[in-house]
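Naming follows writing order (A, B, C and D), and every chain is counted from residue 1.
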Amino acid sequence: MRRPLLVLFALLFVLAACGQKAGVRDTQQVGASDGIGSSSETTAPAVDGEATVPTTAALPGGTVAPSPTGGGSSSGGTSAGGSSAGGAAPTTSTAAPVAGDRTGISDQVIKLGFHAPVTGAAPVPQESFRRAVMIYWNWINANGGVFGRKVEVTFKDDQFNPSSAVQACRALVEQDKVFILLGSAGADQITACAKYANSVGVPYLSPGVNESDLSSLPGYFAISETYRQQSPMLGQLAKKLSKAGKVAIVIEDTPTFQDSHASIVAAFRSQGLSIVYDKPISKDASQAEILTTSSALRGSGADVVYFLGPPVTFIPLAQQGQGQAYTPAYIGPGLSNGLNLVAQAGCPGIGNSRFLSPFPEMDAIDRLDPNYTKQYRAQTGQEPDDLGIAIWGVSKTIHQMLLAAGPNLTRQSFEKTLVSGKAFASNVYPALRYTAANHFGAASAHLLQADCGHQRFITAATFASSL
Amino acid sequence: MTAQALVIGIITGAAYGLVALGLVLVYKSSGVLNFAQGEFGTVAVYALWLGTTHGIPYVLAVLIALGVAAVFGFVTERVVVRPLADAPRVTVLVATAGVALLAVGLELWIGQAQIRPIAPALRRQDRLRILNVYISDQRLLIILTVVVVALVLRWVFTRTFLGLAVLAASEEPTGTRLMGVRVERLSSAVWVLAALLGGVAGVLTGPLSGFGPGFLTSSALVAGFTAAVIGGFTSLPGAFLGGVVVGVIQSLATSASWLADVPGPQTAALFVLLVVILLARPQGILGRAS
Amino acid sequence: MPVLEADGISVRFGGVQAVRDVSVHVGEWEVVGIIGPNGAGKTTLFNVLTGFQRPNTGRVRFEGDDITGEPVHRRAALGMGRTFQNVGLVKAATVLDNLLTAQHMAVGYGAVAGIVGSSLAFERERAVRDEAARLLELLGLLPVADLVAGRLPYGLRKQVELATVLATHPKVLLLDEPTSGMGPEEAEAFGERLLALRRELGLSVLMIEHHVPLVAAVCDYVYCMNFGELLVEGKPDDVRSHPEVVRAYLGDEAA
Amino acid sequence: MTPRVAPLLALAAVVLVLPRLVFDSADFALLSLAVVYAIVGLSLNVLIGYAGTISLGHQAFVGIGAFTSAYVVTELRQPFIVGVLAAAALGGAQAMILGGLALRVTGLYFALVTLSYGVFAQDTLFGIKAITGGGAGRAAPTPTGDGNFVPYYYICLAFLGLVLWLDWRMMRSKTGRALTALRQDPRVAASLGIPVKAYLLLGFAVSGVFAGIAGALFAHGNGFVVSNDFSLQLGILFVLMTVVGGLRSRTGIVVSAALTAVVPLIIREIPGLESALARPERTVPVVVLVAGLVAVGVGVLRGGRAAQVVGVAMVALSAAVLSPLHVPGVEPQLEQLPALDPSMLRLIVLPALVVMTLRTAPGGLGQQLRPVVRWVCGGRFSLDAGPGDLREVVDARA
């Protein structure tokens, strides 16, 4: 009986030690035109020299992105093995010449690193994320790329956990040698990663969340309004919505949200509203806590509730409120990517909620950027959703920045371009204008409103800077 | 405020009682602390979710989900518990913890990490109003279920041949076998029953806040064990009462202003409660000293 | 001065009076026996003497000092060695390791010094090993030194147990049915060894024993218990022929 | 017995040199984690294997070490080594407090206490903002420079060596004998003069010190710690890997813990496995395929006709299901992203191994490795190199 076990263990042990075989990495590579990415069956060799630019990005297994010099072999720390054309970029390194740091840039490719929670406590919907992540860049790459370079996005899951986020970002920087890092959702994760990125001199961009921890980082740039910046607008909104003049504040219990809390308190006060409830809510709130909170909210008489926390907490809170015959207007600086899922899960409880968001909802996107739905349908054959808009918008903003930075791209020139005073407008995310002193360059947001009749959110206002 | 906390505690504690019942059932009949009890429920919710999203009517999907839980319980007994019948009880505990972890792994794999919503069996939210707290039909159903199950099981264990045989088998397996009782079958029956109870707990509480991998283990296993300890670990109605006590203490801890600066006051309250009870009355509040 | 002395010991378990007002004493160099039918409270009394059981009333004195509240290991340190009815060995360890374990008090280095491996600890370990080997040789157990104690035949286990108790350097030995499971000849041999040990090591002995001829042969003094009370005490021959004892316990055998 | 030099040198080469040759420098983060897990396994072994007391809250022991060291290094601005020492001290202290409870509450009930303690630590202790940063976590800089894991791996190895040495010394000295005695029969231990309660506390303290060291190394290897790193799931994982390694077997535990940690690396190194694992509909046939091959193998070895037939059928069936997946071009582009973090496979592999271990090989991996270890230590190589006491896997006092 013992012998098979021995063999199994021995096998595992040997496999662990038998070295780096050509295979897939744990990175989740999304090659520019490498249609099959990391699926194991791909054994197409990397083709040296010129590759025809694919007309559409969805040519599976067809053309492979041009291999950078030295690709394929497992020298040094960067090769991803034979199958993944996007893996290797040993041509440039941190030891680049005086011209600047060209890590992640080659003549053919610009590599971006992207982290988001697809697992963990409050993950973004995986399938939908999976579909959306390369749509914008596939389209750009198919039309010549950025100054002839293809953009590749390497994605890693941060598990909605700051600690995993740092690891993901470190792997993106060290293993995948990306040019810049992008964050998407989750304030704690973004803060942790931004600090890391700053410590190794890699530019980091994300939708703005909390300001206090990030404003001191020279390499951090917010591509939307921060929670603090949104507070005055939310104050006005609360003033408009509240009949009784009584408002409540429910914020997830993390130090990251301290400045958000201070700013919303100030905003409510300046609108002359009286704050009748102000208590944090636990990260993993139990049934009893949610019931107690909703009951206390009802007891306080607040008819507007500012909520800042993950959907996993918001949805049961709103539903429980409805069960307690309590339906205040919930407002806030946006739940994480993809509000329509919140609507599907939370209606009718969330029926009376309005959130600010860096990107518009499905009802307005065609007016602002008709290419999105077209490309989404063409590339995936599926109906587009709002998570796709979020990713599309980020990508488009980065594209503007890369174009502005010009063909002689380095990390230094990129950052210099950002703070040159130029405006970057994607027409999806708010227009951005940074200065050397201010890396929080957005001045507007979209206002989204729940529409429980159709279980979705609709865009009540686009690019509002006050209400 | 305190009176309200009492009501909230009772209605949330009933769910703990349901988990505790399954734990007590297994412990009473085999002396095993079953760490997989929560996952019996989570697996059932996943089955319910798969069923309803594939267009199976709700009631049928619930039945299928309970069936899945029962099969899971049966397989656990056959593959893990029975071969370890002679092993120390801590060994079996480790094995059931392994089963729980396995279930979490499979759930992650099949359903991903998403927290998902699922419709309740009964939708009316504001059926009853006690001390300004509305109690939904789903919660009433949970309370009713836990009371009925506790009483029925108690009756089974004190009045029926089956129940007495189970108890006898746990005390004196050889003697019971000599009396012509098939001890192995009893063991299977107990685990299937426990898994069914777990499944009921899962499909009833899953809709309250949505579910994810391992949700019943993380939200109710520790509370369920504490409830069982309060109930003396062998008393079935005691498990229900223990659940209510835990629920009330948690909701008091949540609303207590002097605990406002303590992070995770509910978990802290649970830990302190368990330690205090075990130190003061190791046999539990309702249990009798052996 | 008596080595071990118990005064007016009573123990109650719930409603059951296991031991009622029992006094025993063991003088220097004495071999004292406790007899009585099963359930007479002998082992409970033993547990009180060695510290496993707290008496409800009564005092226990060792060499004149009151040790009633002392924990088991402290009594062992004072010089009380005890064997168990069902063989008190570390069953999974080898015979040698058992003897090393038994010299716990004698090793002469601290626990932390042992863990970090001070030179004193290494040196003392060697000394302890030598002592273990000496004891094993003394008892003729060297051939089984590397065998697992729990797997030895019953009689050998008993002998190993005695060796471990001797390794604690006791002044008084408390033996709980040392000859259970032995035949008459083995028991007789055991009695001789016991007397020899007393001679060589200067031990006092208190033993629970059923084997009456052995008690008669080796004991200087005998207590007889029944229903938790002391029935009779005295010289073995007197106790043996006492009518109460005959009626209560020895009736069949004496007849 | 004199140890054989050649195999020991080979082992040293495998541990010290081989990783430099085959792994990226970035992979050393995971290799460091493997060393940390090995220390955790040894720490848990002191409690379960030596003292016979179950702990299901060991993630809290590790977490306390992690936050202590992170706090000492970032807030108090002390060097790394001071952080590790502080972590070891506090880890030992909190373990002794819990040990005090173990004196009063034994067996299964103590298992419940540790379970509850672990969750309490995660939610409450690790939520104290001033020390742990609340939910936002705390930075813990890597002493060898950020992201420079190669030297850090060797630092971790040095600590593993230290822990192994302490463990070995403990078991060869009076403490080890006292723990063995009190685990098997506290009454016998006491009557031999061993202060049972004190040694149980000492066992907890040693376990806590080891766990504290592991926690500090974990924190500084991660660069960042947050309360969610120390979940109930991790605590169970720790227990399972220790049991699979084989209680009271240092070798087995180190190997098993290390393998548990490097599961993602293993998956990556097996071609095709990662993407096959991405989605259940693709993995199930793979599992069936492997199971079928095993069934055929067992059938051939044991002469079981039925097993062979069933095995062949399973192989054929799964091959039929799998074959379309291999046709290039069929893969839709959406499949680019594997669905899950491969580390979740730990949650499936380890429980399966634990059930196998408990049922058929109670000595765990340590028992399987014993012939080899014996041979390396200078004994004869014999597959039957018998262990003395392997009847109980977890003979905690219950």
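Quick note on the criterion: a contact is a pair of C-beta atoms (placed from the backbone, for glycine too) under 8 Å apart; a residue touches a chain by one contact, two chains touch by 3 or more.
Computed from a predicted structure; not experimentally measured.
Between chain A and chain C, the least number of touch steps comes to 2. Shared contact partners of chain C and chain D, listed by label: none present.
The most centrally placed chain, judged by C-alpha centroids, is D. Seen from the C-alpha centroid of chain D, the farthest chain centroid is that of C. The pair with more inter-chain C-beta contacts, choosing from A-D and B-D, is A-D.
We define each chain's centre as the mean of its Cα atoms; on that basis chain A and chain D are separated by 34 Å. Distance from the chain B centre to the chain C centre is 50 Å, each centre being the mean of its Cα atoms.
Between chain B and chain D, the centres computed from C-alpha atoms are 29 Å apart. The distance from the centre of chain A to the centre of chain B, with each centre set as the mean of the Cα atoms, comes to 38 Å. The multi-chain contact residues of chain D, meaning those touching 2 or more other chains, are 123, 127, 129, 134, 339-340, 344. Looking at chain B, one finds that residues 108, 112-113, 218, 263-264, 266 touch two or more other chains. In summary, the structure contains touching chain pairs A-B, A-D, B-D, C-D. Residues 50-52, 71-74, 76-77, 81-82, 84, 88-94, 97, 100-102, 104-105, 107, 109, 111, 114-117, 121, 125, 148, 150, 164, 168 of chain C are the ones touching chain D in the complex.
On the chain A side of its complex with chain B, the touching residues are 118-123, 125-126, 159, 253, 279, 282, 284, 286-293, 295-296, 298-299, 311-312, 315-316, 322-325, 344-346.
The touching residues of chain D, when paired with chain C in their complex, are 165-166, 169-170, 172-175, 177-178, 180-181, 184-185, 187-196, 199, 202, 206, 388-389. In the complex of the two chains, the chain B residues touching chain D come out as 33, 35, 79-80, 83-84, 87-91, 93-95, 97-102, 104-106, 108-110, 112-113, 214, 217-218, 221-222, 225-226, 229, 262-268, 270-271, 274-275, 278-279, 282.
The touching residues of chain A, counted against chain D in their complex, run 1-2, 4-6, 9, 12-13, 15-26, 28-30, 35-42, 44, 57-58, 60-61, 76-78, 119, 121, 126, 129-131, 133-134, 155, 157, 159, 161-163, 166-167, 170-171, 173-175, 188, 191-192, 195-196, 199-200, 252-256, 282-284, 379-380.
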